[in-house]
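Residue numbering begins at 1 within each chain, and the chains themselves are lettered A, B, C and D in the order written.
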């Protein structure tokens, strides 16, 4: 198995994150980037809700997909890029809290397909509450400069 | 099988849609509400993008989940509500276009669990392009006034 | 886009199907092979049941995954092969019937990733009953002779 | 939250497992039953293979779904039953080995919906190899004596 040197993935991921219109719109911040694991946080905002006043499932999906996608970026060479092929999300508790934490972790690295799992938590006064889980497949894209980063 | 009268579901769905902070933030409109089928549209906006400038997967998830959830609302009695248990989304083409259409349709009605399938399309100069599909499980919630509508 | 000639995919798929220990064990037959669509049928057998006497979800998964996988084979060149990356199955009604039909169809062709959707039906005296749906991602494998067919 | 007493779940699960035609056909054994976690093992057999000679994805699904379903049974009262609503499986490595281990664990208990995650491993000479993961939603069924156990 070829060992891939991901280089300075932290700087690349920070730059890529900053270029995402959606992350800015959601008020999301990149709070942790380690090899194989990325965390994103965002505060609750009434703009992000569904009809019951909880965090919209699409917002949860945005946080989880970005966290999982960037977790995959920590494993690939600087010239490559990641595209999400698919994800599945189980919504386990209402998205009610002061802040939300999205953690993406690599379950299975691979040269073409990387499998990642994510968990979303609501943060507030008490202990963190698991609100959703995701499992997703990411594809490594090479030789497409238009998609680099 | 008990026949459920969903009453004036169109008015209820319009009211519920209008109460979603997330749909307003995304610039989304409810463009079609029929028994078992709902469509939502939104224009492209750089605020909704991921790092390659395409529609963020979370935005696609938001449109598909809302369309599928409201398709389920067209089948339930006025006092009941719908919660999404889970969904899986396949991303098939980049979210690139002038507008986007999200269609949710009921695959299997049920008194407790409703299965819905959704498709997302990019609209522009040429023919509509399928960009994503979703399959999701919705649960009918009864006797929880806090979740009505 | 390069046009791929799948050659005599029917013969290849029949040969591949015949080599599957699992399809023989399940009593499954390949009943239809067309470009982009494959059907498999199997009779009910008490050996295939879960604890309530219905068809086991794993048997449903076997039928759906094989139907979807072979639907993908109808689109690829003779030297290539297909591996399933992932699938999601919604179980909608108990697997109760005299026979079962599994249909796999291509939703999105692609040179590397092919997205397929499947439906499983119970057959008996009355109309066919939809018991499950699947959405899956298949990867086209090239240059791996050990996996050809 | 009501505390549910699952009673002697081990005996119930053993009895239920023994009644599954599919588990016998696969040569599967129940090797561990604890509150919230169940393991099933089966030896490799050419009858269980797909066209490349690896364990068929449907067999992997059967092992994972049964392990996750029985993990849910460890949390419910003796009169209730479990039905799988849906599951998603990521296939990460070929199902090649002497034996296979399927572990199901509860991620989120609930009075109506229980979310479980499963992992499948190939066992042989070296270390256990992760070949697949599953995330599934199980529904607790009450008041349906025909489905008890």
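By our rule, a contact is a pair of C-beta atoms (placed from the backbone, for glycine too) under 8 Å apart; a residue touches a chain by one contact, two chains touch by 3 or more.
These are the chains along with the protein names UniProt gives them: A, B, C, D = Medium/long-chain acyl-CoA thioesterase YigI.
This one's a predicted model, so the numbers in the text were calculated from it and none came from an experiment.
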Most distant chain from subunit A, judged by the mean position of its C-alpha atoms: C
Chain pair with more C-beta contacts, B-D versus A-D: A-D
Mean-CA-position distance for subunit B and subunit A (Å): 22
Length of the line joining the C-alpha centres of subunit A and subunit D, rounded to whole Å: 29
Distance between the centres, which are taken as Cα means, of subunit D and subunit B, whole angstrom: 32
Residues of subunit C whose C-beta touches two or more other chains: 85-86, 88, 90, 137
Subunit D contact footprint on subunit C (complex, rising order): 16-17, 19-22, 24-26, 45-52, 56-63, 65-66, 81, 83-91, 146-147, 149
Contacting residues of subunit B [partner subunit C, same complex]: 88, 90, 92-93, 107-108, 110, 115, 117, 130, 133, 135, 137
Contacting residues of subunit C [partner subunit A, same complex]: 85-86, 88, 112-113, 137, 139
